[in-house]
């Protein structure tokens, strides 16, 4: 996997100015992500995973270093609508039905009515929600809402998908299920995915590359290329290979963790 | 572990009357918990774990069957302050400092000022929060808040500790740490613990007995007596014995699960 | 037709019967005038309205008119339909009041809003303080709207108009021999009541003067008609009352009493009455009574009435 | 349904208390008129009665109790008098007659509605400005609060006079005063509402590179709907108060405010009370209408079940 | 005309300055937080002055701020006794009584749900009675001195307070209440240790709303009968005497006192409910 890097960060720094003084959220972060990779970011709370993803999405302004997305600045990439972003909570607008929520980016990006219709239906199917388009978010379970929010990020077909703990609020079983689905989707679409998680099994199960981070200031402590095969049934998680990678991740995590 | 049962439930039923008709939350639940046991309840969302714990705590009124706590009715046990309850979120009162939060039950139960002082300090130490008593809850991290809430439940020294997903909102690493601490605490105090969780490793790691439940109506599908030793370092989780129990739990879960 | 807007000092009632009669009977129309009558109320200072251009002519009491003149609204009295005044003070005999010497130690209701000047002048001449009830002073309260304070026993004396509140007191079952009445006019603290006032600068305009001449002529015709036909006048007032709150009975009483006040006037201001008003006002200049501080000049004219009555 | 019984009980208790309270309130006049009509009363001297407590007098003259419920100008009219007056001035009058409270209510209502529309529009515009411009936020908000500490009744006459002098009369001055009272709750609620979406919801639109106006129309505005309606309910009640206050210095000739005022000039307490109740009923109806629109709108938006 | 144009120019300049300040680097500092609204207010005052002078408005229509300021400075003692009568006695007295009564009622109402369901709808109806109608009645009942003004204020603040306190007492999460239950806490323990502290933000919301209402209520009530002292008395009397500068002087005092009152309540709120998310910065 040594294609042209889709996301390339060199010595990226980000320091927040707060009332209590500066907080170094990212320090000297260098990373390359190639096209079609599935990269997980794992690390203790507050280590800067979200911040890094937000920098890529041009939702945050780095204070040092360089960052390119598709060869452009993040800002340009955002304007070019280069990525879809999935937040931790589904964040569906409660006054819109599921279909209308998915249509939201399409409206803003000026797709024609007919195309909106067609795309909404397509992604609804993709995330297994066909028939639920007319429902309001609160009429759906948490897992279904999260799938809708993924559908929303997929609807305009950006090549990059950035996901910030998308399954953090779900229970383990639903989560397992969605992980499987996500892998299938990734295989089908070949998108480049940046994925933040707290869960070691999740990271290991999903990724081609696992980025382990440590807090204060947030830096990368380990980058693990997964040796797992492309095809991953759920019970791959009981294989020694899987456990080994998980172990390495855990060690990396433990090293940089201050507990609270 | 065949002492006198501290908690004994026989054919317990609970049906909620809702606007959409009755919801059977618990059906025919029979269970015995002996003194000093650590019992985990695991099961998919909505299977009635919380409801069962709330019945034990007399926060919910069963609609059928019988339930005794320390040989009394749950209501009497509650009045006798027989248990400490830890909720999913820390639920600290934001207008009280950590120390004052922990003192809350002591004030209500009429402990003397001096004793309040002493107990607060003792449990603060117990949960590793000495020195944070004067802080307000929002000034602490989630993990610290959760420990404070455990301290609060411990302060008045009830023999039973009921915990409803106490670590659900925390990240994996902090959770690991708190799990370790909880085990130590249990070993030291010999309390009887009822513990609800979504996490299979957590349940297996902590418990002497794992109760697997299935939803609609919530019933017990499996009760697994743990074969793990009393002494449990964190990496016991990579042993085959551990994995086997985990596997059994997962199978039990999968059987009753509807995914969404 | 020439348009004229008249701002009244108070709500539609028989106190202003002449104007309503003139309008209803077509007297204004005969003079080729289209008159709009704006009712007033406790929140309306007609002097302010005319200064802002909201009216061509207003009715007000002379004290307020002269006070406005001193404050830069140059009002001129062009006619005085009310020959005498109806303002009086009523006290309860049961409170131990027979003569003004009995006032100290009692509570007196007074109308403010520009109507308080004669009261202060009177008290000053009696040497009675107005800062609280004790052996040499009275306690003054701002009496609102009605005769309630006397009826409810909250005051020992209140201000009344012969044509309105006095009737309400009697209506409430307090008999005339339970009351003592002090009439400001009779005590020499009289003050001209409802007169017609316009802005001085407007009078320089011959067209406006002509309008006013016709207006005064028609208005006086209305007044005289009202005096002669009180029942009809009361009914006209009632018809013009947009609140629908007035009763015919009370308006008939009021018309009867108002007629006694307008009876002696053909609209021409009697300079002697003017002098007495000025004297009253100047007799007790103080913080509470800042009506006028110096002899006004040019505050009235006979030009309009002379012309109108020719 | 769950509220009907408690409300009925509370209302019944109030009515009972009201009748009781009316006895001492009106007893002085009742005894005096009874004496005038030749009845035996204690004490016989009017002066003595005047200095006597109301309850003591009532206790000594139980025969006059019922008289205190039937006076023409009582200190405290009793419920049936108020209801009868309300009935007489609504159902028994032609709605266009000036005797009719329907007519006066209509006059007040039209100023209320216009004022409410102006106030709401202004409030929303201000809120939009405040939300989008920091300078406006910092400058305007403290003064908006200060503006509400000015006694409107004091400046209402001046507003009327000034507007009058530039030729604006009739409905509009009243509506402006009414708008002055209603804009504030709308500003406060709307600012809160427009700011209610969380950072994530804003970030989502940012990832779509949405413009400010798209953010407004697709996020801020819909999110503010519940807040807006909450303020509108406060605002419409304030508008009604404003319209009534505005009626006092406009010559107090028409409208419920004028009825209140003229009632008090002539001591017609029954008329005051019926106008008061008419106002409260009108306010309740207006709030109910806004609540109805709220329910329908939020339901259509999927924000309520 | 020149003065009018000057007013508009001043507006434009000040607004630019404010926009710069608000978006500038030091926008967060407390100096700027104070400076911006102050500048805005001063600009409005200056424009008022210029317009009044430019249009040569007579004093009986609208006095210029300088004239009002002169009157404020020159009538200190009068303004002070009026303030004492209306604010310290009428407004504060009524505010204290009204808020206390609302508080006690709220606790009753909170204890018996039946009362809540019955009293709140009736209360909202009573709250809709306009003050211009109730004030004359209350003056008739409670006399001309400050007691009747306090009564008007009580009537005005009671219901907003009641609604807020009742809402506040119910603003606890299931979990917080269950926690109390697990301690087998008594009703009063639950009230004092949970519900009252939780209600604080709501109570202060009510107290803030009521603070401006109290000021207005006390003044307006004086229009309907009063002793010969008080802000409302002075305003209505001065209008009749066409002393518009005095009217505005009283309005200035009212606005200052009202804003200060509001500010003090907000400050206490900050002190006591520092723990609430809305108060944390």
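Order of writing sets the chain letters: A, B, C, D and E. Residues in each chain are counted from 1.
To be clear about the criterion, a contact is a pair of C-beta atoms (placed from the backbone, for glycine too) under 8 Å apart; a residue touches a chain by one contact, two chains touch by 3 or more.
In UniProt terms, the chains line up like this: A, B = Sulfonate ABC transporter ATP-binding lipoprotein; D, E = ABC transporter permease.
As the structure is a prediction and not an experimental result, all values here were calculated from the model.
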Listed by label, which chains are in contact with chain C and with chain D?
E
My parser should flag the chain pair with the most contacts; which pair should that be?
D-E
For which chain is the distance between its Cα centroid and the global protein Cα centroid smallest?
E
Dist(centroid_CA(chain A), centroid_CA(chain C)) in Å evaluates to 84
For chain B versus chain D, what separation do you get between their C-alpha means, in angstrom?
54
In whole angstrom, how far does the Cα centroid of chain D sit from the Cα centroid of chain E?
18
Which chain C residues touch at least two other chains?
42-43, 45, 48, 52, 144-145, 148, 152
Which residue numbers or ranges of chain E touch two or more of the other chains?
61, 136, 140, 223-224, 236, 239, 244
The chain pairs that touch are A-B, A-D, B-E, C-D, C-E, D-E
Complex contacts: residues of chain B adjacent to chain A:
44-45, 141-144, 171-174, 177, 198-200, 238, 243, 247, 253-254, 257, 259-260
Using the touch definition from the top, list the residues of chain E that touch chain D in their complex.
15, 18-19, 21-23, 27, 32-33, 36-37, 39-41, 44, 61-62, 114-119, 121-122, 124-126, 128-134, 136-137, 140-141, 212, 215-216, 219-220, 223-224, 232, 235-236, 239, 244, 247, 250-251, 254-255, 257-259, 261-262
Which of the residues in chain C come into contact with chain D in the complex?
11-12, 38-45, 48-49, 52-54, 94, 144-148, 151-153, 168, 171-173, 178, 241-247, 250
Where on chain E does chain B make contact in their complex?
173, 175-176, 178-185, 189, 193-194, 197-198, 200, 273, 275-277, 280
Which positions of chain D touch chain A when the two form their complex?
200-201, 203-210, 214, 218-219, 222-223, 225, 301-303
